[in-house]
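As written, the chain order gives the labels A, B, C and D, with residue 1 at the start of each chain.
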Amino acid sequence: MWQDKLQEECGVFGVYNNNEFDTSRMVYYGLFALQHRGQESAGIAVNNNGTIVYRKEMGMVADIFDDNVLDYLNGHSGIGHVRYSTTGSSLVENAQPLVIKYTKGHMALAHNGNLTNADTLRKELEAKGTIFQTTTDSEVIAALLSRARIKYNSIEEALVEVMSIIKGAYALVIMTPHKLIAARDPFGMRPLVMGKKEDSFVFSSESCAFDALGVDLVRDVDPGEIIVISKEKGLESIQTNKKKQSAMCSFEYIYFARPDSVIESLEVYEARFRAGKVLFEEHPVEADVIVGVPDSGLGAAHGFAAASGIPLVDGFMKNRYVGRTFIAPSQGLRELAVHLKLNPIRSQINGKRVIMIDDSIVRGTTSRRIVNLLREAGATEVHVRVSSPPVKYSCYFGIDTPERENLIASTHSLDEIRDLICADSVGYISREGLLSTFKGAGCEFCTGCFTGNYPVEIVDEEAKGCQ
Amino acid sequence: MWQDKLQEECGVFGVYNNNEFDTSRMVYYGLFALQHRGQESAGIAVNNNGTIVYRKEMGMVADIFDDNVLDYLNGHSGIGHVRYSTTGSSLVENAQPLVIKYTKGHMALAHNGNLTNADTLRKELEAKGTIFQTTTDSEVIAALLSRARIKYNSIEEALVEVMSIIKGAYALVIMTPHKLIAARDPFGMRPLVMGKKEDSFVFSSESCAFDALGVDLVRDVDPGEIIVISKEKGLESIQTNKKKQSAMCSFEYIYFARPDSVIESLEVYEARFRAGKVLFEEHPVEADVIVGVPDSGLGAAHGFAAASGIPLVDGFMKNRYVGRTFIAPSQGLRELAVHLKLNPIRSQINGKRVIMIDDSIVRGTTSRRIVNLLREAGATEVHVRVSSPPVKYSCYFGIDTPERENLIASTHSLDEIRDLICADSVGYISREGLLSTFKGAGCEFCTGCFTGNYPVEIVDEEAKGCQ
Amino acid sequence: MWQDKLQEECGVFGVYNNNEFDTSRMVYYGLFALQHRGQESAGIAVNNNGTIVYRKEMGMVADIFDDNVLDYLNGHSGIGHVRYSTTGSSLVENAQPLVIKYTKGHMALAHNGNLTNADTLRKELEAKGTIFQTTTDSEVIAALLSRARIKYNSIEEALVEVMSIIKGAYALVIMTPHKLIAARDPFGMRPLVMGKKEDSFVFSSESCAFDALGVDLVRDVDPGEIIVISKEKGLESIQTNKKKQSAMCSFEYIYFARPDSVIESLEVYEARFRAGKVLFEEHPVEADVIVGVPDSGLGAAHGFAAASGIPLVDGFMKNRYVGRTFIAPSQGLRELAVHLKLNPIRSQINGKRVIMIDDSIVRGTTSRRIVNLLREAGATEVHVRVSSPPVKYSCYFGIDTPERENLIASTHSLDEIRDLICADSVGYISREGLLSTFKGAGCEFCTGCFTGNYPVEIVDEEAKGCQ
Amino acid sequence: MWQDKLQEECGVFGVYNNNEFDTSRMVYYGLFALQHRGQESAGIAVNNNGTIVYRKEMGMVADIFDDNVLDYLNGHSGIGHVRYSTTGSSLVENAQPLVIKYTKGHMALAHNGNLTNADTLRKELEAKGTIFQTTTDSEVIAALLSRARIKYNSIEEALVEVMSIIKGAYALVIMTPHKLIAARDPFGMRPLVMGKKEDSFVFSSESCAFDALGVDLVRDVDPGEIIVISKEKGLESIQTNKKKQSAMCSFEYIYFARPDSVIESLEVYEARFRAGKVLFEEHPVEADVIVGVPDSGLGAAHGFAAASGIPLVDGFMKNRYVGRTFIAPSQGLRELAVHLKLNPIRSQINGKRVIMIDDSIVRGTTSRRIVNLLREAGATEVHVRVSSPPVKYSCYFGIDTPERENLIASTHSLDEIRDLICADSVGYISREGLLSTFKGAGCEFCTGCFTGNYPVEIVDEEAKGCQ
């Protein structure tokens, strides 16, 4: 277990190219910027005059595509996907985009999120004779879309119906012979932004993918909104049943999204920085230095330092080559192996009272190891401050969370957690404190993993994790 | 163009293991023996207590599977497939077996043949909302099966209905959570044999796959027959609408099947040997030596030699490494490059009048090159004898034939052919002569590629070649 | 050009295992920690009772070795190497360790550094009939060692002679059937440390490799010292002609070494932090925020912040997947592509006067891009501070430097540099300031790339860069 | 053990291109035609104006090289090599050509054969300080050449000296900045032929490589001859100490060489055909059919048929995909697995008295299996006839032979052999009979593996098999 983090499960990207831009390379660089949202498989599909050509494989974006493949993926529109998944479904068959042939020609879909009634819908469809070749929600959506399309005159009308049937979180990009479509679930749980470059339209899970492409961020796709791009009509927007209260995933700001991304008009880094300030206000402590756990704790550590006046130091060297597949250390070396990933910088720690800032504690195992690293490096006290509230409940909306019994905050008191992770004190940001860091964001938030109160009905209890 | 042959398009294999045999390795060696029926992709699926695990990839059997994969493919029943296809659909998505989830759990299908109404059926299914992810007939069959299964109590009843809908040639093996099913089209156009090893049942496109496994050949699956193997009932047979006249593909005996296979109780080699005898009777010629074009012309060459008394010699050395992907020779070397594949053995040819025996002439280009090889090696005359009648019509039943305008016999007279291939004389076996070589086979034959008279209605004109 | 940095060219590692540790995995994790010293090729050789088995390949440590290979590399001692090289010699033949057979059996060598008289020595050896199969200095050393070994009773005596012949920088580990040997050049230009774990001896280019293995740092190998480990005699040290003044490469502290490494008793991070302080003292400037260029400018940025009281902010998001092979952006996207690597965090920059801290400016191209990133993100002023003096001269001792005409500081005045990189001001640390940051290190320093005064005679003018 | 044959160990090829031919592709196709002489590794080196660029890897010719590599291997001369080796030295380091730098620039060598005093020479060279990086004889030759070159004015004079030192079998091609050199050992034990295409010179182990390139076979390189091709002087020949009696390897005609090759003016196939005739004369037997074991027994089978009047039939179907790496059959299937390679064609065997012709019996295990295949297929008698005398002694000249105790003829009487291989009778061709089949060849022959009398002194007893 190299990493004790919740896992984002997908990133999506789409281009409708009205200029002479290189479609496949735009998608490629877009996916490269979204790589943090999924490292297990990646795919690009382009629309070459109604025929969809595509390539999807297990692995990282930079390893799958080369110039030959990108030259082959020639088209005026294109979509892409990066995916992480739980072990069980790590099959190339589940890689996206899903490319299908239906009554109106070829179609490709890419999906980030998780349907909470997918199993029920699958069983209903199977009972009508539908066959499934993957375990992805995309295939459920495609099967529903294809059936709905028979009744309606356009794919977008069909999508309106499908969105009234599916429940849960989704950010979708869909490519048909003549259109590029983006849509978000009625609660807007997963991010999806729209940009423009000259006359071309671009959609992405995060705005960080726009910067390298010179794409201007226009706005977020609204909760429940369907945006259709076509040659004839340019951009059209359809607003389906938007909820009164939206419910953007809090963890996008806390951990998943890249800090340089702007989601719902709020820069992610700014929210993290503010969380550090709030943490100091809620859980002040006397200490000599502040250390952020790289990389996810650094933003809040800066905020904590600014608010407290305690100096922020570089406490750890992170091995930048960790992340590649890596031989698991044999028994004798396992405990030491955390040093392979993070090694303390002794001069900054030795003899100091340390405040260690991290974004979250999931199982607690890694936290204990890092606290111990600090102690070995000479820290006299270690005070852990966490920029998210205690994670006590599973996520049903596209985040891979461990079983509840493995969530340390679900099964232990604060004092127990402190002892288990060997800290002198531990302080979590409060839910209210967290929400205050989102000021300025044009949405409301899901805090289900902290409270167990989910915005959407959970139809299929097992609908957890990645589908 | 290294080879000017018609191309078989698939081989199927299946095992229902009631013993302690190693299922995945049985399928592996079975596919290895069937490799000649398709070298583009291969796949194995096994049924592990109702869950189907599988691996399919582009490439040769020996390159795709290793011990780790075969250990992983653990199950009590298994099916496999080797595939060749026309360039257009050389996608890993089209590799078989097709593995699906439907209302009754997982199912895997492997198919050899070609449906003649697949496009029509696809359009009908699409009009009802079905999506397709491949261009294989297997997916059409699976979609129909899944829909039919709702109406009936068993998969075999559903298959009876599906077989009343689909038209064309097929040899199918289907694996469900509890059954292994084999079926042939009503005309029995593609071969499919059944064997037993102790209490276990085995199906294969050809019996040659049985020999290396110690499997006893029991019989051919009958035209229109469905054989169901299950734990509870052992073997059951359902006879659907068998035709009065069956129509086994003539080319299975002429070229596709391995000579050591026994199809419909007739050893393939024996039919080829007889064809040489008939050729001599129909087209005798004075000459010094007989040369068979390796490897497909050798059986008939032996028969011609036995009948004529003219000595059969080894006229060519065939490079046994041809067949691997190979850099196409640059312009200057192209004409010489036939020597890379076949090189004449001068001592056997020089100064001799040669009878050259081949199994077929398709485009004629390769024949001309081989005749010229013989002349360069000193042959004073070259008389070409062909153990199939002139190929004038396309096949719609699973064989990849060139467009009619590229079939030399479709557009040229016998004299023109002789001149085009630079021969001194050319003689084809007659249709009647060919049919006489099949004596003892328990079936009738399709000779559509010679006559244009097909046993089955061709619904979709474009339904040619590999689907 | 994704990176405008000087390039380290090698890392070495060695284990003499007197315990039951897993030799090959110790080397593997050691190399993994040294990966930053060379990403082009890697190799491990182990001594299995006098026979040396090895594996070396192009690529990263984690991609080359797997459990099977490490199990195969079974032995009681082992050495490893990571390598970067200039393009010209990116051949697998040049990967190290070099494994040879000579009169006393097998021997393996791994080398970090660069000989300045290698070409002369090669020519002398060739004139005596020696053949060379690589372009590495290791092969020159091996050829000399092998010849010297004939005259002497031991490999270490032979090495004493060889060290009197070769000139330049080297940190060597050598494995013979019965010994493990480590040696440094008389000026101690490249680092090499010794550690112990129980009864086993370990050598490494940097101490960071010890932490993950539970190895205790004992001391640096001395300039001109040869350390011999053997079963019989344990550790022996031979001091050859040590120079009065040693000359450790300044850039090891400035940029190459990992900040958590301790070289000559001084933690690298501490030197970098001090450099920031000195920079502030030498080049103070009024500003709102300090931004360190990730990752190499961060240590000095912390020091500058501590000294100046100006807040250090996270100015950039670095894409952690850059570093993998990567498709070069097409023309239209090239200027934007720096965003793929570094993207500014607008909230921290916008409307601010920024001090940007980097460790060095080589060509200046990347600096200009990064300054412009800050301006695009809203910086009102950008003051560049550099924690190394201007790099004006080539390195001959194992660092890949551009031609002098491409070193911006070699051909331009400070004002020109400021204008070329679009900064409002630019300030380099002075040579004296830099040397003051090394206080506590048990050595003197080479500053040849700043001054052109090299500690060693440069015999072969072309002896630059990686050999 | 899929194959019980002696193993050839190398093929060499060289081009000196005075025309505008594509050098690297000529070598590529040449090696492709020589692939049967070594399937373990292959390499091509070309001389690009004095710099040698090369690629060598484990694997087959068609798998190693692609158009990109061949385009990169641009030069006016080039040499290539295919290699088989015993397991112990299956290292990429041993792949050839060997490319070195020496006092006169770059040089590449490719070698077929085996030196019988290589170990002695290595020790002598090592005692003088030479280091070795491979276990190939080529490296010994290169080391000697490089030393000798110092004393002489030309590489060819140096080679004359080296050829007076090395003992054993060798066919060499050497490429220097300005020359292409071919040489054979004084006994001419391994074949090497010269061809011309317009003004360009080509050397090859066998003439079969010429046919696909339109190269005219000029003559064999003579035993002890050195042929030097250069721009200035065209072709020069130096005759070193040619022996009175040459000693070409008998097994080149019996088994190794391709039947379409012409060696020493005798077509290989012709010798094999004659051997069948002699076999009949020496060991006639009454029978119904003759079966040749594919592929190596077919030539003699034709000869036996011609002499005896007994009809030759196709007794076996050989799986043309055997030869690829292949999963070894698990215990239960091992005995059956011979069917995967060879399957009897029952109609030709059943009820017949069979004469089975093979080229040699080495261990006898495969022969027993094949005899049993025939019996299972219904043969009433099986009479084995072998077109080489009993193999009783090891080869020291480049052929991989088992230890003597594993040679069935070395340890068993003829009657025992007959019983061990389950034959009704067994007959080997006599040594005299074999020699009579070589009539017309311009050389004498080595029959050491039959008689133990070798033409050359065996200096190093262990100098067996592949070096």
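Rule of thumb we're sticking to: contacts are C-beta pairs under 8 Å (C-beta built on N, C-alpha and C of every residue); 3 or more make two chains touch, one makes a residue touch a chain.
No experiment lies behind these values; they were computed from the predicted model shown.
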Given chain A and chain D, the chains that contact each of them:
B, C
Hop across touching chains from chain B and tell me the fewest hops that reach chain C.
2
Where the CA atoms of chain A average out and where those of chain B average out, how many Å apart are those spots?
49
When the C-alpha atoms of chain A and chain C are each averaged to a single point, how far apart are the two points in Å?
36
Which residue numbers or ranges of chain A touch two or more of the other chains?
none
Show me, using the given definition of touch, all chain pairs that touch one another.
A-B, A-C, B-D, C-D
Any idea which chain C residues touch chain A in the complex?
21-22, 25, 28-29, 32-33, 35-36, 60-63, 65-67, 70, 208, 211-214, 258-260, 262, 267, 269-270, 273, 295, 298-299, 302, 306, 311-314, 317, 319-321, 323-327, 329-330, 332-333, 336-337, 339-340, 343-348
Quick one: in the complex, what on chain D touches chain C?
98-103, 107, 122-123, 126-133, 135, 142-143, 146-150
